[in-house]
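What follows is a pair of complexes built around chain A, which joins chain B in one and chain C in the other.
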Partner chain A sequence: MKVVTGVVGNDIHVVANRLIDISLEERGFEVFNLGVNTYLEEFMDAVIETDADVLLISSLNGEAEGWCRDLKILKSQYDFRDVTFMIGGNLGVGEMDPEALVPKFQGYGFDLVFHQIDLNEGLDQLEAYLEARK
Partner chain B sequence: MSQVFIDIGSTYFKVAQEGRIVQHFRDFNKNIYDDLNSKCADTVSRYAKEDIYICSSANGGLSTLIIGLTNSFSLKYAINIAFNSGINIIDTVLYSKIENEIAPREIVDVVIIVGGIDGTSGIFDERLLRYLDGVHYQNIVYVGSSGEHAFFKKHIDNIVILENIISGKLKIEEEELKQYLTDLYQADIMGKEDIKQLYAITANQIYSTPYIVNRSLPQITQRLDVADPFIVIDIGGATTDIHYSRDLVNDNIVSESGYDRLVFKKLGVYKSRESLVHTAKNNEFVFELLEHLNVTENILEEHSETATRILMQLSIFLVLYKVSKHHAAYIELKLENLNSIVLTGGITKMLSQEEAEEIILFFYKKILRFHHTPTIVLDSNYEIWTYGIKE
Partner chain C sequence: MSLLQREREIILRNEYVDRFDFEEVESFIRGASKNLFISHKFKTSDKMLVQPRGGFPTYEKVFGLYREFKEAGVDVLPLTIDSNTRLNDYATAKKMLSLSEENDVDMLNGYPLINHGYRTTRKMMTHYDTPVSLRHGTPDARLLIETALASGIFEIEGGPITYLLPYSKNFPMDKAFLYWKYVERVCAKYSELNEPINRESFGPLSATLQPPAIVLVIQILEMLLSLEEGVKSFSVSFSQSGSMTQDIVSSNVIKKLARKYADRFGHTDATINLVYHQWMGAFPYNKEYSDSLINTSTVIAAMVGANKIITKTRNEAFGIPTKEANAMAVANVQYTLGMLRGLPKVSDEEEEENLSNEVDEILEAVFNEGSDTLWRQVFNAIKKGYIDIPFSPHIINANEVITIRDPQSNIRILKKGKLPISDKSFAFEQSKIKLGEGERVVDKIIQDIGIML
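Let's look at the complex of A and B:
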């Protein structure tokens, strides 16, 4: 399975990105890591060029909301039916209500949303989700 | 044994030997070979064919139409390679929008098609073939996923299939396409009677001048008083080229030369004067700029030497503006980080160092809110191409 990953927007927190790359490889995924500082259009274009199965975006500095609002529009411009959209990291700024964040990002078009959730737990859930989709 | 370098431009020949450059105005009543012979037969006869190197921008170069799967990879990489090979881009088509695109009217020298990393398939279909039916092209090349080779071989006669320009890790692979485009340019000038004759005096390949200038860039810091990072702005009669180091872009493109080229076809001061004036009038800062230069808008309609100089200053301003963060275009250069700006081309014959500095300072103050500019070097002798021409 192919996964495109990276950190969205002007976010430069790179540590999680490296860990995600390594963890995905270990789990047997083929990884296309666009690194930090990646715009939503670039993620979508990378999914198209690689015919990826999963887009895994991470966001650490609190910019996610601003960058991901347009996901629906971009999703409508191409056939992404077989792609799983996933986001995680620190999705809000400061003392946001975590309960409200998940539905919000689902509303933007993400299938799996993980706010301040451990990476391995998130990846376990991804694998379960992909298994169930088969 | 020394060598002689000759650049054949649209307005003059430049002949460089032993560090000296002599320029001769072209006589358009003669063909290139006869004109060159009448002016430099003596010089040429003193060198062996192996020691004569020629580059040319006189025939305008090749044109391309690029069709790609996405903006961020396929189109971006192909545009980059085409520019660096000295090719003019007529148009680009994003494949998902191809059904609404109108084919260019002019004959296209080469169509480039690209999409997908190797192994992906089912990308291109009849929509592409329908569009291509309306395009008049001479050559067509496919540089995308290997999974689509069978489709192209089956449906498009004479298609050339090369290595994918998008690597398995989504990075750019430029070598094969660049070589192909350079060879095509070569074949094109070989086909032009005017240039063909020049092989009577040289045993070396004749290259396009922009390609040679691009090859010169790694040597500039040793030859001129220039520090990295720098840009070279080449303002000619028809086009304006800007060559820049890749350190100036936030980008995922990693390739060997480290320098890229960008062309503005419509910002030349002679052949594309109309469109330069049009672009200028639509720029929100231009009136302030004209005021700063102590002239009025009417100057744009005049045909005096002063008017040409003002237009040259304007074109420097507009080129910088177009690659700055204030203008979302194909590329954004980190102009704040520049150490040097090198100006070359016809413009250096007309503008003084002060005039160039004045306009660049205006740009840095007004647009970037900086109080000083990078060092500005005028390549008044038009030397730059000579660094890159020798094998």
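Let's look at the complex of A and C:
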């Protein structure tokens, strides 16, 4: 399984990005890591180029919301039916209702949304989701 | 006119620079007080120099910070530059400086040196008559360094590798090498006028599980790139690793090897100093624990025999410290150092042999790379993954090396990627690693990063 990953927006949280990369490899995924400071368009291009099965975007400094609003529009420009869209990290800016965050990002077009969830748990759920999709 | 001088005139003909007077600057440096030169202080002082970190947007606030530091017994003052200036965005820095001056709120995370200019800044430097170290993180520091030297700041931190790979995702690395070549040449040129300008490399790198072999290799290469251009005084540095053994081993090895390689390249007249950074990773939220960490770190610096220590504060986990907290840290470190004179020499021969071998092996691979100049060899070595910094955000970095701690907290190489170390060296690293049954590497890494929390 191929995964494209990276940190969206002007966000340079490299440690978390590396840990996701290492974890995915440990679990047997083929990883294409675009690193920190990545734009949404770059993610979509990479998914097409690598024929990826999963796009895993991470975000830590609360920029995800501003950057992911256009996901629906970008998704409509190409056939992404077989791709699982996942986002995780610290998705809110400041004091936000965490209950409202998950449906909001699902509305943007993400299949899996993890706000302040442990890395291993998020990846366990990703694997379960991919298994169920088969 | 020399090529360098022509380039300097282009760099300094900048709309944010108020007419740069080369002759006046030269005569200022020629006649400058010896007390402004850290290279002079290294020569004449037998104690470890204490230097904090710090910088504010306005002249007044930096002036106040320095007064506080002086009362606390500081040896070397810092000048930390704001992040807009680091990215050569002088227009934004100017706007934020005006807002900071008008509203008495800090709109910048450091001192915008270009906007203040050298005529103003020099007044502060000559007033305190104390060595100042420039802390920045700029890949293209040409204008910044000209302004700093003209201001009386005679120590310049950074380098093409250490100020790029830990800080940037895609600033072109070949450009960084050429911009730093300019910096080295200007430092070398001014070094002929009075005491030498000191250059310092930034050993902490990404400050996250950095293997000593890679830190030392990079320190030695940046030193050689600097001495090659004529710099005569250079400080290699590293930060507290989380293992006292490893810090002492690193120190013994870098002192030996930095001298060996400087001499091998014909720089026998260059002075090499050692700088130790207190813990650069995540600090505890408990301020008493922070004090304990800082104290322990001071003891290790003394064991290491550093020429200078760069301090942290008990407020580290909470953001930029107040000038009072920062000065208190300086006073405490000086107090602890007072107890630490005449320490026994400690060494671990097996560890030192292994680290020396690893550094030699990587450096040989760099020097055997086919390019015609040292900077190209280093550039290609990084591209090929011979030098690979864990947790660097830069696209050129290979990101294949994985490190974890052994049961004694030493940082060990678990995956070597393309590091050109011998099987024997790698086997030594592997023999120290103990992973629990079914223990995930990533969980171990998370635990090892947060060792001081």
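Convention: the second predicted complex is superposed on the first by the 134 of 134 C-alpha atoms of A that agree within 3 Å, B and C clash if a C-alpha of one lies under 4 Å from a C-alpha of the other, contacts with A are read in each partner's own complex, and residues count from 1 in each chain.
In the analysis below, a contact is a pair of C-beta atoms (placed from the backbone, for glycine too) under 8 Å apart; a residue touches a chain by one contact, two chains touch by 3 or more.
Being a predicted model, the structure only gives us computed values, none of them experimental.
Chemist: Quick check on the chain A-based superposition: chain B and chain C, clash or fit?
Modeler: In the superposition, chain B runs into chain C.
Chemist: Could you look at A:Asn37 and tell me whether it touches chain B, chain C, both or neither (first, second, both, neither)?
Modeler: Both: A:Asn37 reaches chain B and chain C.
Chemist: Have a look at where A:Gln116 lands relative to chain B and chain C in the superposition and call it first, second, both or neither.
Modeler: After superposing on A, A:Gln116 lies clear of both chain B and chain C.
Chemist: Touching A:Gln77, do we find chain B (first), chain C (second), both, or neither?
Modeler: The first partner, chain B, only.
Chemist: Figure out whether A:Glu49 sits in contact with chain B (first) or chain C (second), or with both, or with neither.
Modeler: Touch partner of A:Glu49: chain B, not chain C.
Chemist: Should A:Arg18 be classified as contacting the first partner (chain B), the second (chain C), both, or neither?
Modeler: In the superposition, A:Arg18 contacts chain C only.
Chemist: I'd like to know which partner A:Glu26 touches here: chain B for first, chain C for second, both or neither.
Modeler: second
Chemist: Out of 8-16, 152-160, 170-178 or 368-376, where does chain B run into chain C after the fit?
Modeler: The segment of chain B occupying space taken by chain C is 368-376.
Chemist: Find the residues of chain A that appear in the contact set with chain B and again in the contact set with chain C.
Modeler: In chain A, residues 35, 37 are touched by chain B and also by chain C.
Chemist: Which stretch or stretches of chain A touch chain C in the complex?
Modeler: 12, 14-15, 17-19, 21-23, 26, 33, 35-37, 119-120
Chemist: What residues of chain B sit close enough to touch chain A in their complex?
Modeler: For chain B paired with chain A, touching residues are 69-74, 96, 115-117, 120, 166, 169-170, 250, 252.
Chemist: Which bits of chain C are touching chain A when the two form their complex?
Modeler: 169-170, 206, 208, 390-393, 395, 399, 402, 440-443, 445-446, 449
Chemist: Show me the residue ranges of chain A that touch chain B in the complex, using the header's touch definition.
Modeler: 32, 34-35, 37, 41-42, 44-46, 48-51, 77-78
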